[in-house]
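To keep things simple, chains are lettered A, B, C, D and E as they appear, and every chain counts its residues starting from 1.
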Amino acid sequence: MNDIMIRKRKWQFTIFLIIMIAATYASSIITDFNALHGITTFPAALYWIFSNMLISQETLTRLPSILDKLLETIFMSIAATTTAAVISMFLGLMGSTTTRVNRAFSSLARFTASISRNIPVVAWALILLLSFGQNSLTGYLALFVGSIGFLTRVFIETIDEASQSSVEALRATGATYFQIVNKAVIPQCLPLLISWILFMIETNIRSATLVGILTGTGIGYTFDLYYKSMNYNVVALVTFSIVITVIIIELLSNYIRKVIL
Amino acid sequence: MSLLKVVGLDKSYHSNFRVLTDINFEVDTGEFVSIIGPSGAGKSTLLRCINRMVEVNEGKILFGDLDVGNLSKKALRKLRTNIGMIFQHYNLVPRLTVIENVLHGRFGYKTTLQGILGKFTEKEKEHAFFLLEKLGISDHAYKRCDQLSGGQQQRVGIARALIQEPKLVLCDEPIASLDPNSSKVIMDHLKAITSELNITCLVNLHQVDVAINYSDRIIGLNQGEIVFDGPSQMLTEGRINSIYGTETRQFITV
Amino acid sequence: MEVANIRRKRDGRITIKAGSKAEALMVSTLMILAVLTMIGFLLFDYSGLELKKAISETGNNLKTMFLEPALTHFSWGEAIYQVGITVGLAFLATVLGAVISIFLALFAATNLSNEWVSKVIRIFVAVIRAVPTVLWVLIFAIAAGLGSEAAIIGMLFHSIAYLVKAYSEVFEEVDEGTLEALRATGSNWWHIVMHGVIPSTLTYLMSWTFLRFEINFSVAVAMGAAAGAGGIGFELFMASGFYFDLREVGMITYAILVVAIILEIISTRLKNRYFPSQ
Amino acid sequence: SEGSAGADGKEEADDVIDIVWYPNESGSDMKSSRDEIGKIIEEKTDKKVEHHLTTDYAIAIETLVNNNADLAFMGAQGYVEANQKNDAIQPLAVPTGPSGTLDDAVYHSWLAVNVDDQENYKEDGEYAFDTIEDKKMSFVSNSSTSGFKVPSASIIDHFSSKEVYADLAEEDLMEGGELFSQVLFGNSHQGSAVNLLSGNADVAAFCDTCVENYVEVAEGEENKQGSVYKVKEDAAEPFNKVTGSEFTLISVTPVLNAPFVANKDVIGQEDFDKLQALFTSDEVANNEQIFVPEESGESGLFFKTDKERFSEVEDSWFDPIRELSN
Amino acid sequence: MSLLKVVGLDKSYHSNFRVLTDINFEVDTGEFVSIIGPSGAGKSTLLRCINRMVEVNEGKILFGDLDVGNLSKKALRKLRTNIGMIFQHYNLVPRLTVIENVLHGRFGYKTTLQGILGKFTEKEKEHAFFLLEKLGISDHAYKRCDQLSGGQQQRVGIARALIQEPKLVLCDEPIASLDPNSSKVIMDHLKAITSELNITCLVNLHQVDVAINYSDRIIGLNQGEIVFDGPSQMLTEGRINSIYGTETRQFITV
């Protein structure tokens, strides 16, 4: 009986596991990571949370200004996502094999996406801060650049998956490129595209905290101010309002997704 | 003058392998011609050459007095409006309604802007409904295409081809994905197109019996060459075997 | 000729849209997003911004960064070592996160678990996901002291929260029939999971894991620096915030970019080699 | 990062001295000083030293407060906060001024304006705080002693005597709208200065020692109200875009030097005493890696112009800063 | 003694709607019994009650001398190893090989740990190959299941059921997704199981003619009640109509 195939697969899997374990070991050496030490600190961490992160009556007076900044962050994330989505739509159409105009443009689009995705959003934030200074536009731009990378990639995949067949059929009727894109490609992809846009908005609100800390904008800035002055009660309030917002937005986009997909 | 004339057509996708070799035939207006042949013989490629969905390497294709190989981009679009195409997998846009899919057949007559805005005249819409009615699926006009059965979807495909007001309809295995009942409905409709509307039909088929039943004339392809071309009555058992190669034939009928 | 079934608008023209709820919702979602974007741009605080100057300055800065990159405060070897630390942080957070998440996700998937357990896990991870990573890192830095533990555990929280959601959704797409068939052979829960659920979802699990790895790399740049675990983020922070050395920022960015692209290539290769989709 | 021990280092925490460094002192140009301090501590105590660099002030302080580090070098403000949260945290030593005593163990917090605008900040020929109302203000960061705490305390002190600003609090200075039209944070002293010189801010707070490598006195005396400083022609980044520009000091406040602080619970009294003796010794004062001779042109944590050294210090020495916070 | 005895079985998924009402029948070892009935009659539900994939509301199911409704978790697993099940959509794990899928049938005999590690004895593996050989698909043993045709996949499903060494095999519309040729192959195999291996088969079918051709005995269900139970020869046209209700019957044969 010949079970070379199975053996080979088992072998491959074993090799994969060994690679993973070796990489894990190497990583813990280079980062000086001690799992045991990490685990044993959980009680202390919990204790710290419950003794410091308390929202008191007094901190509630800061709610209006927090909500104000939160709103700025939400708008920043939405604006960054939608504008990035528009650009990514073009890049996606150029990059996808189904709709590309020619190979060179396609590579260019994929390359652009890869660059802007692979430079971490933190790096963008620091770079932009140098010339744009501390205002909403900086935060917006940092999120915008990061979003382009991610959205272009998923848009390309989505458009690729949309069936080639209806594109062919429309071409056979004598339709022009834009008609084909508009009437065959977009209608098929739109639900998924919207779903990714919603996902990106969620993600951006989460990273807006970090970006805000670095660029001094939005809720991240507020978080950073109180956090640096170690006023953890207000930090708790800020965190709480971020959590609520993110969860509301998640629920909302889950609902939209359920209906449109 | 014949509607379509193919002269010395050669086609290869890769330089080292010829898919079609020296294809010559003419088709007249109102003819119903079937193309049969084993898998990989080049049937689909031949159809795609006719409306230049793929480029030809050698030879000429004349549609009326147009040389298909020599058209500008604009003239090519114009040509394609004159040639409807029907696919094995219907190739509809699944999330759009039936009526929208049918109207897609009008894009060839539109400017880019009109097409993008989706502006269709009332007359076009009424024509679309008329066709759906004739094909017996006007009840489903506002349903999404992915909610229809295969046979119904293929009828939408036919309506999309007909609304182009084509002179020629190319059908690439229109019934290969359908059950026998739906297949009959579709073939009857195609037959009706030639007889009632005097539109020429060129149909790729795998089912020899269907080809014999419906078509005026049959072209047999094998390994990219025409090995039979004549009225369907003349397609004897022996000739069928020569088209398919005996052992292949057995495989197909299983 | 008048055909039955035609729907007309009030002005007598023929409708061609189905007018479904999904369609209406899609259109209104897009409209609302567009409006919110415009409001956003109006509301932004542009104080201190001179757009023209900022743009030309960005152009200059980018030019300096990317065309004249140089390392002044540390060596190439050091830079590679630091990127290595960042990758290591991201890798550990991802691997540990993935292992823990698989188990949690099995209990969070409605088709494999009991409704209440699943609900509790879902709510739990939704909350964890919503808390900014910085805060997790801070909390663990305080509890565990400065070092990689704080950074990794902080990132781990988010990784788990993210992956549990992704994995459990993947698990839920497993064909119910397959599960039923295994149940009917007398298999117990673990058999079904190991031989039915995991094999049929492996590629998707891998895709999500690799995606998270990319995200973690990006997060590790910032978090490694804050938690005192070091890494290239620390150098980036110093170069841009303290030395204001654009050339060095450029070089660091290149280093990050190169590593990120290499990682992407490796992960695609690994995925295709060990877990081909066909 | 640097000085990382083996993976087992943390279990025997008793044998390790963890030192936390702020971003200000985390630069690679100060590495030799940091390493030297580590080395002499290792020699004295026979314990291993681990350096921890962080970009985050709060994490640095909390680490010390929560008994996860032994030593830190932090601003006076940071010390006061840490001490308030955990009184086991005590000052170990403070670098003195040129006199070698605590009397001039200070540096200066400045409020500066561009030289061309200086007339706008005068009332009756005198510089007056009233004039900074509604201006664009740049601080360093809200955890900085000389770049935020000290100047904001003076500002609040001044304005709270007025009725409209009776309730003015530190938090109100962190964001625009209340007293200032806009508030920027430069994230470093250099950054704050550049905010002013590049025109992003009207008034900026920063400290003298942090920018001394980049600027020189153009008019008047060092550290005097009304003096004008000029950016050197060969100033390094980030000042390279504003070379030659000048600014005027409208306010100068002395600030207590930053101490080395220790968490006595972690380090233990014995080692605390040992280290205090070590730091304040002549040996350290003459160590050119730690107190770098000014004329050498090398970089380091501290500079030697005259008799600078470390001096023992009482907790009460920091009371002036402590009072600012209340 | 009969192998399977169903007594007074009632089942409802929702309190307000009864899917099965007072079902009583017995099946002997080696019998080939078909269950027919319109869509929604409760055929699938009945099969699922027998190996307790769904819980019964009222009545008893006796398998040999075991009361199916009263088993501990462990005993239930044991019972299920004695009852093989075959599905309309084969329900294989698509990414695994044929042989792996077949061996899944042995899990009922394994401890959790053995199962997780996927440890199978050489004897089990040889048995699996023997079954594949018998079913004519041993060539494909190392192919992934999603690369097989429907008929081949169903044979894998049968092998998976047989390797359980069951006394009873439950088949829920085993041929509904297959073309006529593959259907014949599958039904022949199922018939062979009863005649050669003396395993009892209980088969849900939509195709009345197939049921009549293959089975010893037919049970007709309508709206959750048994309306016919007897040898297949006794299933007259009239009785068929009473099972399906005349108008439904017409719909089904189209």
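By our rule, contacts are C-beta pairs under 8 Å (C-beta built on N, C-alpha and C of every residue); 3 or more make two chains touch, one makes a residue touch a chain.
If you want to know which protein each chain is, UniProt gives these names: C = Phosphonate transport system permease protein.
Fair warning: this is a prediction, and the values are worked out from it, not measured in the lab.
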>> If you apply the touch rule, which chains end up adjacent to both chain A and chain B?
In response: C
> Count of steps on the shortest touching-chain route from chain B to chain D?
Replying inline: 2
>> When I count C-beta pairs in contact, which pair ends up with more: B-C or C-D?
In response: C-D
>> Measuring between Cα centroids, which chain is at the maximum distance from chain E?
In response: D
> In terms of CA centroid distance, which chain is the most far removed from chain B?
Replying inline: D
> Just curious, how far off is chain D from chain A if you go by their C-alpha centres, in Å?
Replying inline: 37
> So what's the Cα centroid distance for chain A and chain E, whole Å?
Replying inline: 48
> From the C-alpha centre of chain A to that of chain C, how far is it in Å?
Replying inline: 5
> At which residue positions does chain B touch at least two other chains?
Replying inline: 100, 118
> Among the residues of chain C, which ones contact at least 2 other chains?
Replying inline: 47-48, 85, 138, 142-144, 147, 229, 233, 237, 241, 244, 246
> Touching two or more other chains, which residues of chain D qualify?
Replying inline: 10, 58, 62, 66, 184, 200
> Mind pulling up the chain A residues that touch chain B in the complex?
Replying inline: 163, 165-166, 168-176, 178-179, 182-184, 187-188, 190-191
> Okay, in this complex, where on chain B does chain C touch?
Replying inline: 97, 99-100, 103, 118, 120, 122, 125-126, 129-130, 132-133, 138-139, 141-144
> Okay, in this complex, where on chain E does chain C touch?
Replying inline: 51, 53, 77-81, 83-85, 87, 89, 91-96, 100, 104-110, 112, 115-116, 118, 157, 160-161, 164, 170
> In the complex formed with chain D, which residues of chain C make contact?
Replying inline: 47-48, 73-74, 85, 137-138, 141-147, 225-231, 233-234, 237-238, 241-246
>> List the residues on chain A that touch chain C in their complex, please.
In response: 12-13, 16, 20, 23-24, 26-28, 30-35, 37-38, 41-42, 44-45, 47-49, 71-72, 75-76, 78-79, 81-83, 114-115, 117-123, 126-137, 140, 190-191, 194, 197-198, 206, 209-210, 213-214, 217, 220, 223, 227, 235, 239, 242-247, 250, 256, 259-260
